[in-house]
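Two complexes come next, and they have one chain in common, chain A, joined by chain B in the first and chain C in the second.
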Partner chain A sequence: MCDADNTTTKKTIRVATGDRAILPEGAKTIPVYIMGKKYEVPETLTIMKAMEYAGFKFLRGAGCRGGICGACPTVYRMAGDYKLHFGLACQTVVEADMYLAQIPFFPANRAEYNIEEIGGAAEAIHALYPELFRCVACNLCTKACPMDVDVLGYISALKQGNIKKAAELSFDCIQCGLCASRCMGEIPQYHIAQLARRVYGRYIQPRAEHLQKRVGEIESGKYDAMLQELSAMSKEDLEKCYVEREREPDLAPPGTWQPKETRYL
Partner chain B sequence: MKISYYPGCTLKTKAANLEAAAVASLAVLGVEVEEIDRWNCCGAVFSLTADDLIHQVGPVRNLVRAKEKGADQLVTLCSMCYNTLARANRIVRDDTVKRDTINRFMDDEIDYAGEVEVVHMLTFLAREVGWQKIREAVKVPLTGLRVSPYYGCTLQRPADVGIEPFGSFSLMTGLLEALGATVVPFAAADTCCGSYQVLNGEGGAKSTAAVIINDAAQAGAEALATSCPLCEYNLGKRQEQLITSGQVEAPVPTFYFTQLLAVALGVAPESCLFDLNDAASLALLKNKNCLVAA
Partner chain C sequence: MAYTPELKELIKRVEATRPARVAMARRGENFPALTMAEREQVLSKYHPDYQADAKRTVQVGPNKGDTFQEGVARLLESRSLVRPDKVRLDKVDFDTDVLVIGGGGAGTSAAIMASEAGCRVIVSTKLRHGDSNTIMAEGGIQAATQECDSPYYHFLDTIGGGHFTNQRDLVAALAHDAPLSIAWLESLGMMFNKMPDGRTSVRHCGGSSRKRMQSAGDMTGAEIMRVIRDEVRNRSNLITTLEFHPAVELLLDEAGKCAGAILMNMETREFSVVRAKAVVIATGGFGRLHIKGFATTNHYGATMDGVVMAYRAGVGNKCLHSTQYHPTGVAYPEQNVGLLITEKVRGLGAHVLNIDGEQFCFPLEPRDVESAELIREAMDVGKGIITPTGRVGLWLDSPMIEELHGPGTVKKELPAKFIQFERHGIDISKEPMLVYPTLHYQNGGINVNGNSETVIPGLYAAGEAIGGVHGENRLMGNSLQDIITFGRRAGKNAAAYIQGGVALKGLTLDHVVKFEKELAEAGIEDPAIAPILLPDYATEEVVERRWTEALTDRAALR
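Here is the complex of A and B:
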């Protein structure tokens, strides 16, 4: 983010195109407060687009623009209300009288470890992040999470030594850091959850044997001939092949469908 | 019969034997155990700071979970969880100002005013199952096993949440007698095990633990029964060190009362997770023919 250019004011509503905000004809503008300063922005925009509309440029604090990278956490309050709200700037639509603050980074402690060495016991996680036990169950983390993750739930699961549960509960976490920004126990919840998912994947979750088998088949050259056959085809034959291909019906119960052509199985 | 149950973190890790034996026993006694959803740490130690209400939020949140389920009782096993939950419950029930403050802070939960009763498993067994029914369900009486009921601090203190009056040990005595054991009263039954002092320095905790173990042995006990993972740690897991250092003469194996209940009810020893106890424990039960034949 860098500073706003001050040419955007209430009076000059600009219609932007391309990767800039598009203002539909007749759209109303509403006041929002960015870092305490008032801007008029079109009411249909996301917080991120509205900030760009107001002249801010995101150098950091924006990534995917699709609600999945966790780069754009935003804290906001509505004028006159004590309540804090949390959201992703790229996903949350502006409302009138929002007071906005971006939290692109939060200084949360991250432990160093070698996943191959720490083993699969919960004690390893407890040793790397002893602050886990500072949790007072205030639940401010869960209330802040823009992904509706049960943060207190996964923190509790880890205190209970249940890595699987923590990995599953934290699955939707996008590492935005809003939970840590609210934590009374100064706990870096999302880093701990990431460690839990890594430990779960490395030590607890069953290996995908079918995948190993398939990789083995590929390496042994089982599919080489088929690939060569395809590569050698003319464009027309390839198209014909594609159009006539057999396809598993969308709703076929798993394991029930078999192609008529079994040569490639 | 069905109970809402709060386990506590330690019972899922280091004290899994306390829980496993209880759950197996209750199944034999026809009690269905329903663990409450989404429970969190009780806080372990009750906060004595009068204006530091944030430490009551954790325990109260668990009671909210029980209320949400429509439970009027929440049964728990660990002495410290019991103490922390019961005391937080008293605050919310009796102090309307603090109750309001806590409820307002927990605006993500339904309001709570102390509607759920926190019940220790010993109380539950005495009150809702009854010694008679337990006596009838015993398959392997603990005949000849001399056990001292050890309460430690948190089952009886303070008086307004104690499972029975200070100085009285009738609940664990009643249970052990129903199981056919010989109960050996001893003076240190409510002496502190050393608690978390072990973190400040091993010496103090060790000497208080030694007093308790030696006192029980002198009274003629060959085993201790407890309901607290921290007591079990200080008295049981560290007993070998106390013997090595000469502070304790002969071993007095430490059990959770639920393990003695389970073996008497004929639960297979593997289901009582004796590998989490001190090594002498299982050996003693074998010696005394207190285990169901494999």
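Here is the complex of A and C:
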């Protein structure tokens, strides 16, 4: 539940609270067709908030509400126009005479694998997802992507065995599934991209050696006494240590700067 | 969407005052900052965390006598969704080792670690697996991985940033485990930003003494979530994920150990009893309570469910009075509402202005003071700008930056913000932004120790749902680290607890009966029913037309 409208003692100013929209005096509404049914909603609202304004309460089809979780893929068309458009309900503003429906879930095959055993060769990915080769390069996947990911580009890269390119091209994928919903080859693109990125991160990107060293130090107990010392310190002493700590210069290249005080490194 | 003609008309007032304001800025003159006494006054009157009238003391439960925001207090003093005296617990629907409540970063990490130790795990999540605040975190994750850094300095930066109000064993755990978390994520195949030799790229954040922010593009949280969710899906032999299936009440056994929970399938309205030898609460924050009506950066399900359930079972909380607001959240366009606009915009010289294009505050007061001044101008003075959807905002005059530092500065210094607004037809180098304070992070939460244990045997908690890691102020990049550190600790320790031998006795809801008796004795009438699970954004007009029980036979409608 949200708090009641935010009001003050002096004047009562009625404003929208939380994500609940209101129609201020004199503001316009526009007609939209939610799954074919007409509702009047304020202009400038997102599809998601327009549906809530109309009285829908989401269970499926809403997540982060900030364009990054992929819960609210939506397909729409303008009256009188054949062209289908794709977008996220939380990131797309309603327009007059928009016909829309959400696709909160689309079935897509996902293969299980063991990241420890899969290795860095493209053949393993091909073996798990042979349907990759059903791609006919129609590019409907890319056209449907609300994140402007070059879906066909990464699928093609994977067919050629270029995991690095596929990982980088697919990095902005939010796994909403619109690509899979449009695919003639019935390919679960976003699951394959996830696999490619993990294989890349695990087997192809160089490992962080300084990190391995630090892990070793931590596991050997090197910092246990220091952390105990800090935990037991008086607030005054802590404040003193805090104020006296040196700050790494902003422009120092990583791994080059050393502080004067080295006892606690 | 681009500014409407009405808003464009109002922007002319900003443009009219701009030459004089730019000249003033060039002379090095500022709108006067508040004195300490004035700060106190504006905070106590207008800041939601300080306003006495917006807060009250809770009368029941482990934090009886403590003061909270009204919206939080109401949920702490709430009653259960189930009628504890009528529910039958002898029929168990799911039997498992570990029940993880919450499918964000902390819960997912806990599930992986518990399964790693051989435990059977159920992950109960209200929305889809991964729908969480984790996925929304952009900036990065702190860990002392560099040679010039160490957990010692991570500890100091964190506790100093929290004004020394943090719980120290939690800070020590965070600083200690942080590099281990990064190594774990790397081994799972997370794509960190790296140098050609594999060294993780690191940056400073506000309040850090060493560069410690590692990242994955500007979607670090999303990359973490994608990777660990994918890992859970590879472990279907041990981990079962129940989506749209939140927990609505914890179950204890007759000896007082935590022993499972009641879940509700939100799609079919079926309830089920889960018996588990250990339970991990990882339900995240409370942004969607919209304390005092504020917009939020949080995901749709951030409604404090875990804190509420733990409270009824006898686990208190700390620092829950402390909320992180950011003074300049977006108020327009709707797609960006609530999202943050970095302090850097004001740092580069942009003024904050009212509807008449006038300055009313020094633009670089501390965050809480700045927020309070914006609220005062909009709600009390009444000089806010009302958007076409009824939101209130104030102008942040970003085009000034171009005049002060030369053309192209906005795009160069604020590339992400520039693109974000450009996408919606607003060029922030030419048009000002509409901003208003927004609710970002729940600083406090459930009491745990450094092992993620609560006072109830078998009950663990992790992530934004716990309190004390950050004290009353959190550093950037420590929330993602909190999630991984304590998620992993909770999962590992729950498994170790189970492997030490756990014999559950009969399941009970006696703690709920007792709590509700306390509510009645305290004279709390008409308590809220919680967890509330999801906010409702229907307009008042729609709510009115949803005829109430008095007018309709609800039973027939279900």
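Quick note on the criterion: the second predicted complex is superposed on the first by the 189 of 265 C-alpha atoms of A that agree within 3 Å, B and C clash if a C-alpha of one lies under 4 Å from a C-alpha of the other, contacts with A are read in each partner's own complex, and residues count from 1 in each chain.
The rule is short, and it goes like this: a contact is a pair of C-beta atoms (placed from the backbone, for glycine too) under 8 Å apart; a residue touches a chain by one contact, two chains touch by 3 or more.
Here the structure is a predicted model, which is why all the values come from computation and not from measurement.
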For this session: Have a look at where A:Ser234 lands relative to chain B and chain C in the superposition and call it first, second, both or neither.
Result: neither
Exercise. Given the touch rule stated above, what does A:Asp150 touch, chain B (first), chain C (second), both, or neither?
Worked result: first
For this session: Applying the touch criterion given at the start, work out whether A:Ser220 contacts chain B, chain C, both or neither, answering first, second, both or neither.
Result: neither
Problem set entry | Broader residue contact with chain A after superposition on the shared chain, chain B or chain C | C
Exercise. Just chain B (first), just chain C (second), both, or neither: which does A:Arg197 touch?
Worked result: second
Exercise. Touch check for A:Glu246: first (chain B), second (chain C), both, or neither?
Worked result: second
Problem set entry | Partner chain(s) touched by A:Lys159 [first = chain B, second = chain C, both, neither] | first
Exercise. Across the complex, what residues on chain A touch chain C?
Worked result: 1-6, 8, 10-11, 13-24, 27-28, 42-46, 49, 52-55, 57-60, 62-69, 71, 90-93, 110, 112-115, 167, 171-172, 174-175, 194-195, 197-203, 205-212, 214-215, 218-219, 223-224, 226-228, 230-231, 235, 238-239, 241-242, 245-248, 250, 252, 254-255, 257-259, 264-265
Exercise. Which of the residues in chain B come into contact with chain A in the complex?
Worked result: 7, 9, 12-13, 38-41, 43, 54-55, 57-58, 61, 105-106, 108
Seminar exercise, completed: As the complex stands, chain A meets chain B at residues 122, 135-139, 142-143, 150, 152-153, 155-156, 159-162, 184
For this session: Mind listing the chain C positions that touch chain A in their complex?
Result: 1, 4, 70-71, 127-128, 130-132, 135-136, 144-153, 155-157, 159-160, 164, 168-169, 171-172, 175-176, 179-180, 182-183, 186-192, 194-202, 204, 209-211, 217, 219, 222-223, 226-227, 230-231, 233-234, 236, 244, 266-267, 288-297, 299-300, 332-335, 337-339, 378-380, 382, 384, 386-392, 424, 528, 532, 534-540, 542, 545-546
